[in-house]
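Below you'll find a set of structures to go through.
In the two assemblies presented below, chain A is common to both, partnered first by chain B and then by chain C.
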Partner chain A sequence: MLEGIFKVLSDAIFYNLIREDRYLLFVNGFKVSIQLTVFAALIGVAIGLLMAISKLTNNRILNRIATAYTDVIRGTPSVVQLIVIYYAILGSSHLPKILVASIAFGINSGAYVTELIRAGILAVDKGQMEAARSLGLSYYQSMRYVIVPQAIKNILPALVSEFIVLLKETAIAGYIALDDLTRAGTIVRGRTFDPYTPFILVALIYLYITSILTAFMGRLERRLRQSD
Partner chain B sequence: MKRILICLLALILVFSFIGCSKINTMKRIKDTNKIVWGTNAAFAPFEMRQGDKVIGIDADIAQRIADKLGVELVVEDMEFEALMSALKSGKIDFIAAGFTVKPDRAEQVLFTDTYFTAVQVIMVTQDNEEIKGPDDLAGKKIGVQNATTGDFVASDIEDAEVERYNNGMEAVMDLKNGNIDAVIIDNLPAQLLAEKNPEVKILDEKPAENEEYALAVRKGDTELQKVINEVLSEMKASGEIEELVNKYSIGD
Partner chain C sequence: MIKVVDLHKYFGNLQVLKGVNNEIKKGEVVCIIGASGSGKSTFLRCLNLLEEPTKGEIYIGGVSITEHMKDINKLRQKVGMVFQQFNLFPHMTATENIMLAPVRVKGMPQDEARKKAVELLRKVGLPDKDDVYPSQLSGGQKQRVAIARALAMDPEIMLFDEPTSALDPEMVGEVLAVMKQLAHEGMTMVVVTHEMGFAREVGNRILFMDEGIIAEEGTPEEMFSNPKKERTRAFLSKVL
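Up next, the complex of A and B:
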């Protein structure tokens, strides 16, 4: 019995990882998933910051643009956005695929970050803005030096959790033939015809990355509490 | 905590294998009055969607098998690469999906008689003068449908970068956008794709040996295999298969 289990396990490892150097697919997939998440997170935070401020200003046009953006992006599935951006909008742009995918995921994540930052800014006491303005800072300066830093501190935990969501969201990159971690699983599955093992491996890798992010979040929160 | 988790997952892994116990297919088909056909309905003219129905050459064959057994046909339309796993784990009873007979697939499933000879072809854009045959594909970006024969052919080409799409249409779309250099796909769907996309052409030189399509059942399901073989030989003898090929290949 025990021998049988050992044989099944060693076979699973041999066919899914060692034969034809399949472990390389997982390694490359891991790299692609991480790259996608990091680039998309950067783009997402940049867009989110701009759009959140646009939503909070009194400028009607900026308001409208930001509202339309968050409504459309949050109201449609990310697979659809990815396919439309890759095949249609940036279809003949000849940008590297990973960049196109990062832009797509960044635009997607940006909408959620917008709402996060907006809520974060609104949560900063009104008196902060009033005090900054009465000290002679301009609206932009008060935002830049007084409000946004406090807001970012409030929303950091939520932001890290958005990055975790983003990491898992990149699992749909296979739709545009980008070999991310999940697609590596499906490729190996298509070769070995083994229904579970490749995905269990993939799941373990995702779990590992997210547990690092979670641990980081915990430390960050403790550190931030010190300065209160 | 983490160690417990890993042990737990290892256990799941082991039990998922042991879980693949023997399934008495014929008895289940009779009991539930249903036979489940697994396919990927994005492979015209063998299987495609019309409204919410799956139609095509394989669809008609599948229907004949169900009729022969006197049961209802249930379609499971899934990703192509998931078909073998679904068959092995008993989610479907047979595969009819433009499924090529290959030795490494034969290790895992039981093939029926073949019913169609397929040819892999290379598709490029009309203005492509550089790629004239399979020898020009080395080091190029080649689009394929994930886990299909075209994928295996392309993976064997030297230095070629293989882009694996969920279906052939997406690969051709990316070919038109200029993101890949060529697409390797089965002949019949290629012709339909070329018809719909005048910007691409099919090369005369073939990238691989001809392939035979067959249906597949679970290892050990010889009884079902026999029934399917009977249906296939009847359809071949009456010229029905040829009729179906013509019917679905011409126009839409």
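Up next, the complex of A and C:
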């Protein structure tokens, strides 16, 4: 009985990881997923910052652009966005696939980051801006020295949570033939005809990274609350 | 020092100020009293353009501020403001709160600004609170830091918007004491207040606001012992 279980397990490990160096598929897929998430997060934060400012200014045109952007992105499936952006950009350029995918995921994440930043800034008490302005600080100075430092406290934990979502979202990169972690699972399954082992492995790897991020978020929240 | 001519303010369709006229002289302490919703806070906030007047003129030191909206940051350096809710910056220590405007607006060197902040904290009776964050201060202490912060820009006029209304009763006295001291030093002050004792003792002139206009004004003696208007009498009988 025990011997039987041991045999099943060692076979699973052998066929899914060791034979033909299949573990390398997972290692490379892991690297791709992480790169994708990091680049997309950077692009997303940059876009989010710009769009949040556009939403908060009194400029009508910027308001409209930012609102249209967040509405479209949040109102359509990310797989569809990925495919459309992939063919729209790659059709006319020779950029590496991973860069194009990062841009696509960045554009997607940016919409959610926009709302996070906007909400974080709006959550700062109105009296703070009034007090800063009443001292003679300009709007820009008030933002820089008074509002934004307080808003960052509201935004940071939610931003880490957005990165967790983003990491999981990159699992659809296989749709544009990018060999990310999830696709490594698909490839191995195709070779071994074992649907369980590769995907349980993939799930455990995702879970490992997200739990690190979750723990980091918890610590961050506690740190930020202390200084209140 | 301040001259207000036919000041009107609408919030949407709601008319809050319906033609306020007044002149406030240098060194005068003017207390504005009246029921809530009478427009007294709005009037005060118009004086440093935290609210933009819908119609009318405000002159400060002979210059029309309503015409020079662009120089608004210059104007506000001359007019300090203290808020009901203190509005201290929670991410900065008491000293940093006070230093911010002199350093960023006037370009004062850090060490000079720090020295000034320490002096001001001493002046408002908080010599040992230099590096303390607002969350560790009591309400009365917060408000005194807020006064010090406004004074750091060496304003010519100080505006107080119900400075003691958010305080526990036992802390009102310490804030009023600081304000009294300022008045004795000759600061021009406009104070929206419910503290009738303070208004009577420190105020040179009382404005009673009702339904968006100054319904009656006079010296504290006139206003408190012998108000002319029925509305003033009704209001005072409720608060005294």
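Structure notes:
The criterion applied here is as follows: the second predicted complex is superposed on the first by the 226 of 228 C-alpha atoms of A that agree within 3 Å, B and C clash if a C-alpha of one lies under 4 Å from a C-alpha of the other, contacts with A are read in each partner's own complex, and residues count from 1 in each chain.
Operating definition for what follows: contacts are C-beta pairs under 8 Å (C-beta built on N, C-alpha and C of every residue); 3 or more make two chains touch, one makes a residue touch a chain.
Because the structure is predicted, anything quoted here is derived from the model rather than measured.
Of the two partner chains, neither chain B nor chain C is touched by A:Gln35.
Once chain A of one complex is fitted onto chain A of the other, the partner contacts of A:Ser161 are absent, as it touches neither chain B nor chain C.
When the two complexes are overlaid, the chain among chain B and chain C that reaches more residues of chain A is B. In the superposition on chain A, contact of A:Asn63 is made with neither chain B nor chain C. When the two complexes are overlaid on their common chain A, residue A:Gly190 makes contact with chain B while staying clear of chain C. Contacts of A:Ile5 after superposition: chain B is touched, whereas chain C is not reached. Contact residues on chain A toward chain B in their complex (touch as defined above): 5, 8-9, 12, 87, 91-92, 94, 97, 174-177, 179, 183, 186-187, 189-191, 193-197, 200, 203-204, 207, 211. Contacts from chain C toward chain A in the complex involve residues 48, 50, 73-74, 76-77, 79-81, 83, 85, 87-91, 100-101, 104-105, 133, 135, 146, 149-150, 153. Considering their complex, residues 125, 127-128, 130-138, 141, 145-146, 149-150, 153, 227-228 of chain A touch chain C.
For chain B in complex with chain A, the touching residues are 2, 5-6, 9-10, 12-14, 16-18, 79-82, 84-86, 88-89, 105, 108, 143, 146-147, 151, 163-166, 170-171, 173-174, 177-179.
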